[in-house]
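The structure under discussion is supplied below as structure tokens; questions concerning it will follow.
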Amino acid sequence: MTNTHTMTLAQYLKGVAEKQFSPTEVTQAIQAEISKVNTDLNIYLTENEQAVQETEAGSAQPLAGAAIAVKDNISTKGMRTTASSTVLDTFVPPYDATIMTKLKAAGMSIIGKTNLDAWAHGSSTETSQYGRTLNPRNPEHLPGGSSGGSAAAVAADTCIAAIGTETAGSIRQPAAWCGVVGLKPSYGRVSRSGVIAMASSTDSPGPITKTVEDAAILLNYMAGHDKYDGTTSPQSVPDYTQALGKSIKGLKVGLLYQDIAGLEVVNPHIQAAAKVLEELGAVVEPVAAMDPHYAISVYTVVQRGEVSSNLARFDGIRYGNDRSFFGDEAKRRIMLGTYTLSKGYADQYYTTAQKVRTAFMQDFQKLFSNYDVLISATSPSFAKKIGVSENAAMFGELEDMLLEPSSITGLPGINVPCFHDTTTNLFIGLNIMAPMWREDQVITVADAYEKATSWNTWRKV
Amino acid sequence: MPTKKLPVGILGGKCKVLIQENKIMPNTYELVCGLEIHAELKTASKMFCGCKNDPFHAPQPNTYTCPVCLGMPGALPVANKKAIEWTIKLGLALGCKINLFSKFDRKHYFYPDLPKSYQISQYDIPFCYDGVVETSEGPVRITRIHLEEDTGKLLHRSVNGAEVSLIDFNRSSVPLIEIVSEPDIKTASQAKEYAKKLRQIIRYLDIADCDMEQGGMRLEANTSLRVVGEQGLPKYKVEVKNINSFRFLEQAIEFEMQRQAKLLDAGESIPQETRGYNATEGKTFSQRAKEDAADYRYFPDPDLPPIRFTQAQIDGFTADLPELPAAKAARWGREYQIEARFAEPLTAEKDEAAVFETLFSQAQTQKLDCNKLASSVYNKRITWPTAESIEKTLMEFAAQFKTDTVDTSQLEQAVEKVLAENPDVIEKFKAGNMQVLGFMMGQTMRQLGGIKPDPQLVRETIGKILKTK
Amino acid sequence: MTTQITLQQVQHVAQLANIPISDIQAQNFVGAFEETLGVIENLKEVDTSKIEPTHQVTGLENVMREDVVDEQHMFSQAEALANAKRTSSGYFVVPRILDND
């Protein structure tokens, strides 16, 4: 094999098992690829000097030493973790995030730490204090965010797979813009312990991968109750690879947000995707849902409030630099959250937002009493041009509008590519959502769709 | 050592400005006071993490820490079940109602000893509310008891010539209960009694050591004065902090009453502020103006799922409560005929009370007078009983109060002899002077020499003879 | 109707949030605040009179730990202090703060 770095995780695991190549040579090939592209694309903030050793050490484990890219807001013991903010410029966590402990035990190798919007605030990577990442599919464009570095790492074949985190779109939207798969698990399915908190009530770590199958494999090693995170669900975790290759015949699919303005570019492709699902035997119906514009507001208030609280600990005493190092975006969010939680405003903003959140939960409950899954566009557009997010206080929220209803309600969702514009080399993504704890359902539909279409660039190989 | 200065006197629950340098002060004020008391629970581990909870005995600073209590990025709290149950037990012991549904909230402020820059506390739904502590000067209502986490500890030092503050996070996130009273306290002595009673109950429940010197129990008094006869709460409130003994609590409140009375008499308004207490000078001093703008931006902690109890669980906690001091003293009255004035102090400490219980129970079996025994113990006229020395104490007591049998005629002779030597006694007795009885008792005993008759018998004999005269 | 924000409000919030900002930044934040508040204005349109707020979406309750010391998760003093800018004899160090607590 010549291009070992372009392998999917499933191909890698098969190849290692069949001794077609050694895990070490793949990790070295990936390192070589990173050296080639990283200066231009700015995907990795920190490369792991121990990656080859970790691959060797993990080669007998289930993940066989696979080179995994990790978003830089996930604490890695002994390896610099910045959340793309100079506040944490030299911060070396003294402990591992639970998902790192689990994935390390499963034999992964951390190939490096990927760029993100500083503190995961944004949908472009342009708020990173270490510079924006460029979209490997077309460097004139942004990779999306906040997990833009992880999505770009996958798209650029500079890892076997990646880990991201989503608060409202931060896995699925960059996956859509980079033409890769991004799975956001149910809130509480994957431990947040050690993940630098952004909005505590919606943060969900998840895999960003080349295929749906890869996402299912990685989720198996990430999901589950954690005694260090009281918000993780105690219910048992199924084997997500069992959800692959299943028929979706008779499945009821609700098609959302066809009447929302500004979706003219993406809607035809979403409708085409709906047709594909119908051809696979699903019953697809357009259905009205609560206006996502309200979700923007709920998310904005809740997220700003929780951010103002979660970022209060960065005072430069026990670690990191002092509060003057926060970038403008973080300062804006901290201050707005402080304002909406302050005396005289908390009821008007915070409590009201949490009530409207309940209304969204009730709306989804109603929808899921009629449909097994819901689909929509992931993002209203193709990847946008670089520089577009600057000085736009609400850029991310407007970009992630279609994902916010499911984020504030904790639902699982996935992005799969559903259109590839060969002129610009840019993608449109399909978002598939299921009820709480039904990641398996999301995987089944996404896998069926992916296998029935040729939009996934790794499936062509 | 401060002494009680007395321009302010405590008279029947009122504080009156009496005479100061021959000047009569116009107004009579009464104290309006509520206490906020913090106590560190003695769980094995901390409130929201598995670190060791033993800050006073840690070998080194910052050795009992982890990602959670150091506020590391990404670290999440998980609540200590025992600390929650203990808080509810305390509430039940104080007659509180229990919120079956409760939660933790974040309270935000910046201070170097607060690692997350928010304290996990309870805002609008504390575990316990509406309780009461009885004092000799009336009941003090408990507003609420909530559970929170302690902060780290600051030390102010000079390091390499620079004035710095050092921070030790061994205490960070130690479980801390806050007991808030209504402003029912009317005197400084009542404040002291209330605080002591609370400590007594907490120790009985064995949930906290309440070591005041180490800061394991911390007292804050909200004080103000109102003109006697007026209704409603005064417009201002002075919070006195860093009080680390019950005596200082009493002194600090007395000092405040005096200070505030002077200001009010001078027609000045008293600012809302926080004051510290300097025990060496016996004075309170201004620390900071209480900001009206104190804005803690409370919201429910999204990291901690809410807590819900069933009434059956609460009933189970109630059934588990140990016998509390007041109940024990009352029972000693019924079972051993011990007067309250001895029973109350002797039930103050749980472990001692257990020893006394054995002592009295054995004394009763031996048909000894338990009230007399309690009096001897209380007045320290007898070897202080410990678990090992109960036998010895009982023997000592029996020996002390052993009486010799006396022949009735011998006793009557002795009385007659004393009367003959002191003829004025009869006159005085007839005039209603009962003091002569004591004199007669003493003299009669002396007449009997080494014999120790039952004093009751002697008293009766004297009475009988005097009446015949 | 959009909410008007004053420079003074921004400065007050900056103080509450312990965020050092320059006058120019404060001025810029006025606009950003108003833009954001304008977007979330629509919350008023939803009838929330009959709904309870949702703070957590999992529905979990009573998640507590037993009172057991977890030595494995504890740091050594060196680990605890490793990322601090200033330490002295096992303590974290900050410039002298008022001794009033």
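First chain written, first letter: the chains are A, B and C, and each begins at residue 1.
Keep in mind that, in the parts below, contacts are C-beta pairs under 8 Å (C-beta built on N, C-alpha and C of every residue); 3 or more make two chains touch, one makes a residue touch a chain.
Just so we're clear, the structure is a prediction, and the values are computed from it rather than from any experiment.
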Chain centroid nearest the full-protein CA centroid: C
Between A-C and A-B, the pair joined by more C-beta contacts: A-C
Chain B and chain C, separation of their C-alpha mean positions in angstrom: 38
Chain A and chain B: spacing of chain centres that average the CA atoms, whole Å: 57
Interchain centroid distance [CA atoms averaged], chain A/chain C, Å: 24
Touching two or more other chains - residue numbers and ranges from chain C: 16, 18, 55-56, 58, 60, 63-65, 73, 75, 80, 92, 94
Where chain A touches two or more other chains, by residue: 91, 94-95, 201, 227-228, 230-231, 308, 312, 315, 317-319, 338, 342
Residues within chain B bordering two or more other chains: 66-67, 70, 78-79, 110, 112, 117, 167, 293, 295, 297, 299, 302, 304-305
Touching residues on chain C, where the partner in the complex is chain B: 12, 16, 18, 55-56, 58, 60-71, 73-77, 80-81, 88-97, 99-101
In the complex with chain A, residue positions of chain C that touch it: 9-10, 13-14, 16-21, 25, 28-29, 32-33, 35-36, 39-46, 48, 51-58, 60, 63-65, 73, 75, 79-80, 82-85, 92, 94
Residues of chain B touching chain C in the complex: 43-45, 49-52, 60-67, 70, 78-84, 103, 110-113, 117, 154-156, 159, 162-169, 241-242, 274, 276, 287-288, 293, 295, 297, 299-300, 302, 304-308
Complex interface listing, chain A residues touching chain C: 90-92, 94-95, 187-188, 201-202, 227-228, 230-231, 233, 293-294, 296-298, 300-301, 304, 308, 312, 315-320, 323-324, 326, 328, 331-332, 334-336, 338-339, 342, 349, 351-359, 361-362, 393-394, 397, 408-410, 436
Contact footprint of chain A on chain B as seen in their complex: 66-67, 70-79, 106, 108, 110, 112, 115-118, 167, 293, 295, 297-299, 302-305
